[in-house]
Every structure is written in structure tokens, then in C-alpha cells.
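Note that the chains take the letters A, B and C in the order they are written out, and that residue 1 is the start of every chain.
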Amino acid sequence: MELIVSDVAVARGGIPVLEGVNLSVSSGTALVLRGPNGIGKTTLLRTLAGLQPPLQGTVTLPPEGIAYAAHADGLKATLTVTENLHFWASVNGQGGVEEAITRMNLADLRDRRAANLSAGQKRRLGLARLLVSGRAIWLLDEPTVSLDAASVALFAGVVREHLVRGGAAVMATHIDLGIPEAEVLDLSAFRANRHIPAGHGFDEAFA
Amino acid sequence: MSIWEYANPKKFSETAARILPVVAPLSALTLLVGLIWGFFFTPDDYKQGATVKIIYLHVPSAMMAINAWGMMLVTSLVWLIRRHHVSALAARAAAPIGLAFTLIALVTGALWGQPMWGTWWAWDPRLTSFLILALFYLGYIALWQAVENPDTAADLTSVLCIVGSVFALLSRYAVNFWNQGLHQGASLSLDKEENVSDVFWLPLLVCIAGFILLFVSLVLLRTVTEIRLRRLAVIEARERVE
Amino acid sequence: MIALLVRDLRLAIRAGGGFGLGLAFFLLVAVLVPLGVGPEGGLLAKIAPGILWVGALLACLLSLDRIFALDFEDGSLDLLATAPIPLEGVVAIKALAHWLVTGLPLTLAAPLLGVLLNLPLTGHGWLVLSLFLGTPALSVIGAFGAALTVGLKRGGLLLSLLVLPLYVPTLIFGAEVVKRGAAGLSVEAPLLLMSAITLGSAAALPFAAAAALRINLR
């Protein structure tokens, strides 16, 4: 079970942002992506998730291996906490909803509609979805936005447990999560050199 | 030397710049000859009188209205399969021309219909299908304009063009089923025996050739414009980044 | 897949809009047309098949943009695209859910409106049957249009412009079934052709729609 990225270039809005990215994540390891705003963290994560094709290079993934958590949590305001989780659990063919609710400290909120949750509570529910995804590699885009210190610690604990169980995680984040075993990768080193065409970017023929 | 060399925007533009000065005047000349011959040097029809002469505009534009969509379908497929930008841009360039031909066919049809059938508009199957074809063109053009990212737009419009082609054909048959119509049968066919008589046929052929040349020159011209626009956008994007 | 269907239905019921709006719109059309063309029964009976079909089609159109737009906005579509369900299946299920909350209620309500429009009694059975077999095509074609326009800010109007021409064959055959049925003629040909369009759309368009979604999610 390994995620291997070799010589990948990604573009946002037709402009190459990162190139020559090499990284690999295997069972039990976590990788934290760092870099200033706009460097392409989200774009890279979306590429790893298979939502957009890389400009060049290859991403090797175990089949159905990734769970992606974006800025948006994918929650339905009119469904309760339990219903939201049950939906994602059954889409992924998994159980464990009760356990996920307890682990993310949502037990008191289980019958509340997502519309009536605070931003931090929504975030916790969004992250609880990872636990019912049954996927080994978590791709997390700013997972701790709107979480308080206690929740960040709670979430860090969940990630570490996932690693111990043989999972892996790639996280884009600015804060120190408190996961000492995580490696840090600064994406600034891969900033695309925009003076030189990136190879077969679509617009190259027109330049 | 493969045909795909022309998929390079630069090569395409250079070639277009060489062909256009020949094709454009040729199309003007052919149209002029065909229309003058048709309008002034053919006899009136014994039944339809002088009104029959609108055939020299009506039939070629109707043919090209359909052929333009066919060309868009082919270039859309080429874009989806081979990812040549020029192909997608050519489809984009052809759409307004196809729409214009469709409208010309509709308007000349109405002008012809008034003295012949006593009405400007009838829900005749052919007229109706051309009206529907115009709607397909409108939707296609609107989708191109609504999507900002040019490659996304090219992909989406290509998918629409393929699905639209199937539904346009279905509509044609549905409309035939719905109303048998007033429209006369086809004026042209490859079988010479079935054609309108030679006196009308020859100038009509010249006009059709003229319309085809006109279509080719307009598509070349507009495709080159689209290539330049795209190039401009790339240069601007670069400058913003630097 | 079933979970997705259940969720979409539950959302439609909780949000309220789904059933209600489409049906109310359909009713309004059936009320406004007689007010516009006059109360003469013979005329109404003659145009009833067309009015009912056009009304059903427009009512269906009202809720199309919600098929994917809501899931796109809250990020669910990204998550569904990375989930183990094929995106083609997602499209098919969402089209089915759309049909269950719009097409099916419209079909069931249609005979009532047929009475308002003086549709001859012999036509009612054919009206229900033609809507039952034809409205699924409207939902699937609509899902394709919604997939094309999902990322756009002002997608609603464009969606109508794209989808309505695609509705032409279904509309023609559907209304023809009712017209012929009401007149006591054989309806076999249009009924079979319309069903063929429904089956063909249901089989092929989820693939085109999923392709459009993938393009829009990039």
C-alpha cells in the first residue's frame, strides 16, 4: 500500500503551479505539505485524489485507496449528524458509524441537523467521514480549519491511530498538528518556472 | 507529411494565410457568377414564376447549415480523441457561420413560402427541423461563451455536439412523423434523372460550390482569429504571473 | 447506490421544494391556459394533450439545476467522484431520484388536470402511460444538461437553452400518443418510438453526463 508521485506537474486555471514533484507515502507514514498560499497545495491534493489529471508525470495509487477531505465537508444541512455519516458509510460500503461518532466527540450532537452545527462541529463531522470511508490513504486539505485546540488534539490523535493501524495521510496545513512522526515537505521547492513551458501544457502550442 | 501537421496552430495559421487569398476571391467570383446566372439568365418556372429563383440562395444555405454541423461534429471528435486545439477552435469558429446559414435558409424559405403557400411560416417538417437546428446552434454557442476555461469549454461543447447530433437526427424524424408537410421534395440528387431540369440545375451547382468556398474561407478566417485570441489570452496570463 | 437514492429522496422531502413546486407549476399551467385561450370545451379538448405535455416538460425543467448544483457547492460531488460508486451510477441514481420527485408525481396528477382541460376520457389512460414512459427521458436528458452546466454561475438559463431542444423528440411522440389515444386511433408507433428514446437515453446519457461532470470537476 503505497502512494507514489513521480515528476508530477500540476496546473491551476491553465497555469502551471508545481512541477517535478516527487513524493511517496507508505503504510504508517504521514506527510505534511507546507508552502505559502497559492503554491498549489489544494491543486496537488486534487490531483492525487484523481479529480484532475496531472500536466505530466504519474501518480501511482492502490485501487480505491484514497479518502479526500476538501475545504467543503460535503454535509447536507437538512440531514442529522448520524444520517450524514450513515450515508457516507454506506456509499463506501462500511460500518462503524457509532464508533466514528464517539471518536470525533459528536455523541451529544448525533440527532442534530447539520444546519444547526457550529463551524467547528461541522468540521469534526466532516473528519468523522474519513473514519467511515474505509480508505487507507487520507488526503486532507487544511483539516483543522475552525477547530479549537482541544479538537485539533483530538483529530491529531485520530490521525496517529490511523497511522498505527497501517494507514497513511497527506495533509496540507499551516499549523503544527502535534503529529511528531509526520514528515514535512515544503512545496516552494517545486514552484513551476513559468518562463519555461511545462512540456505539453495545452496552451504551449499557442505561446 | 501527415494531415495532423496542420493541427499545429502556427502551421495552420501560415497555411490559412496562404490559402485564404485564393479561396476568398474564388468564392466571391463563383457566387457572383452563380447568382447572376441564376437570377437573370434562367427562365421563370412555369408554375412558380420568378419566385423559384430564390432557390439559388435557399438550397445552398440549407445544405451548408447541415454540413457545418457535420463539420463541427467531426472536429469535436478529433478534439476529444487527439486533443488538437485547432480542431476545437475550428468547431467554435464554424458554429456562428452554421447558425447564419440556418437563418438564411429560414428567411429565404419564408420569403419563398409566402407567394407559394400563401403564408410566411408553416409548421412544415423541414422548416420546423431547421428552426430546431437553429436552437441547437444557439445552445452550442451559448455553452462556449459561458465556460471560462477554454479547454473545459472545448470538452463540454464537444460532448454537447455529439449528444446534440443524435437528438437533432431524432428530432428530424420526430418532426417528419408529426406532420407530413407542404415542402417540395429535394431539388437535387446524384441521380440526374430525378433532378430539376438542367437550366436550373447548372447555376444551382455553381451556387453550391460558391457557398462551400464561402464556408471554407469564413471558417479559416475565424479559426485563425480564434487561434490569435487564444494566443493573446496565454500571453496575458503569462504577464500576470511574471 | 441505494444509500444515494435514499439520501436524495430524503433531501427532496425535507427541503420541501421538490414535489411541491413542480406540481404547483403544472397545475398553474393547466389553469392559465384556459384563461388565455377561452373556456370553449372543444378547443381545450383538442389542445389538452399538447398543453399537458408542455406543462409537464416545463415543470420538470424547473428543478433540473438542483440535480448536481447543490452537491457541487457543498463538496459532496468531489467526494462522490472519489467514492467507490462509478460516476455513471451516480448520474443514473440522481436522475432516478429526480424522476421520482418530479416525473412520477406529475404523471399521477396529470389525469386531474386532464379533466380541467376537457381531455376526452379515452385519452386519460394514454396520458398517464405516455407520461409514465416519457418523463424518465426528461429526467435523464435533464441530468445530462445539469452535468454540462454544473460549475457555471448563471447556469439555470443556459441549462434551459441546452435541454429544451433535446426534449423535442420526446415531446412530439408523447403528445402524439395522447392525441391519437384521445381520438381513438392506434398509438403503437409513437408509444414505441418514445419508449425507445427513454431506454436509449437511460442507457447512453449517464456516460455522457459523467464525462461532463469529470470535466467540470477538474
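One rule holds for everything that comes next: a residue touches a chain if its C-beta (ideal position, glycine included) is under 8 Å from a C-beta of that chain, and two chains touch if they have at least 3 such contacts.
The model shown is predicted, which means the values in this text are computed figures rather than measured ones.
Peer 1: If you average the CA coordinates per chain, which chain's centre is most distant from that of chain A?
Peer 2: Chain centre farthest from chain A's centre: B.
Peer 1: Taking the mean of all protein CA atoms as the centre, name the chain whose own CA mean is closest to it.
Peer 2: If we average C-alpha coordinates per chain, C lands closest to the whole-structure average.
Peer 1: Is the number of contacting C-beta pairs greater for A-C or for A-B?
Peer 2: More C-beta contacts join the chains of A-C.
Peer 1: Starting from the mean Cα coordinates of chain B and chain C, work out the distance between those two points in Å.
Peer 2: Computed from C-alpha means, the inter-chain centre distance equals 32 Å.
Peer 1: Distance-wise, how many Å sit between the C-alpha centres of chain A and chain C, to the nearest whole number?
Peer 2: 37
Peer 1: Cα centroid separation between chain A and chain B, in whole Å?
Peer 2: Each chain reduced to its C-alpha mean, chain A and chain B end up 48 Å apart.
Peer 1: Among the residues of chain C, pick out those that touch two or more other chains and give their numbers.
Peer 2: Residues 218 of chain C each touch two or more of the other chains.
Peer 1: Once bound in the complex, which stretches of chain C touch chain A?
Peer 2: 2-4, 7, 10-11, 14-15, 71, 73-76, 78-85, 217-218
Peer 1: Inside the complex, what are the residues of chain A that reach chain B?
Peer 2: 13-15, 194-195, 202-203, 205-207
Peer 1: Quick one: which bits of chain B touch chain A in the complex? Just the residue numbers, please.
Peer 2: For this pair, the touching residues of chain B are 8-10, 83, 85, 149-151, 227, 230-231, 234-235, 237-238, 241-242.
Peer 1: Touching chain C in the complex: which residues of chain A?
Peer 2: Touching chain C: residues 46, 49-53, 64, 66-68, 70-76, 78-79, 83, 86-88, 90-93, 129 of chain A.
Peer 1: Per the contact definition, I'd like the list of chain B residues that touch chain C in the complex.
Peer 2: For this pair, the touching residues of chain B are 132, 135-136, 138-139, 142-143, 146-147, 152, 155-156, 159-160, 162-164, 167-168, 170-171, 173-175, 177-178.
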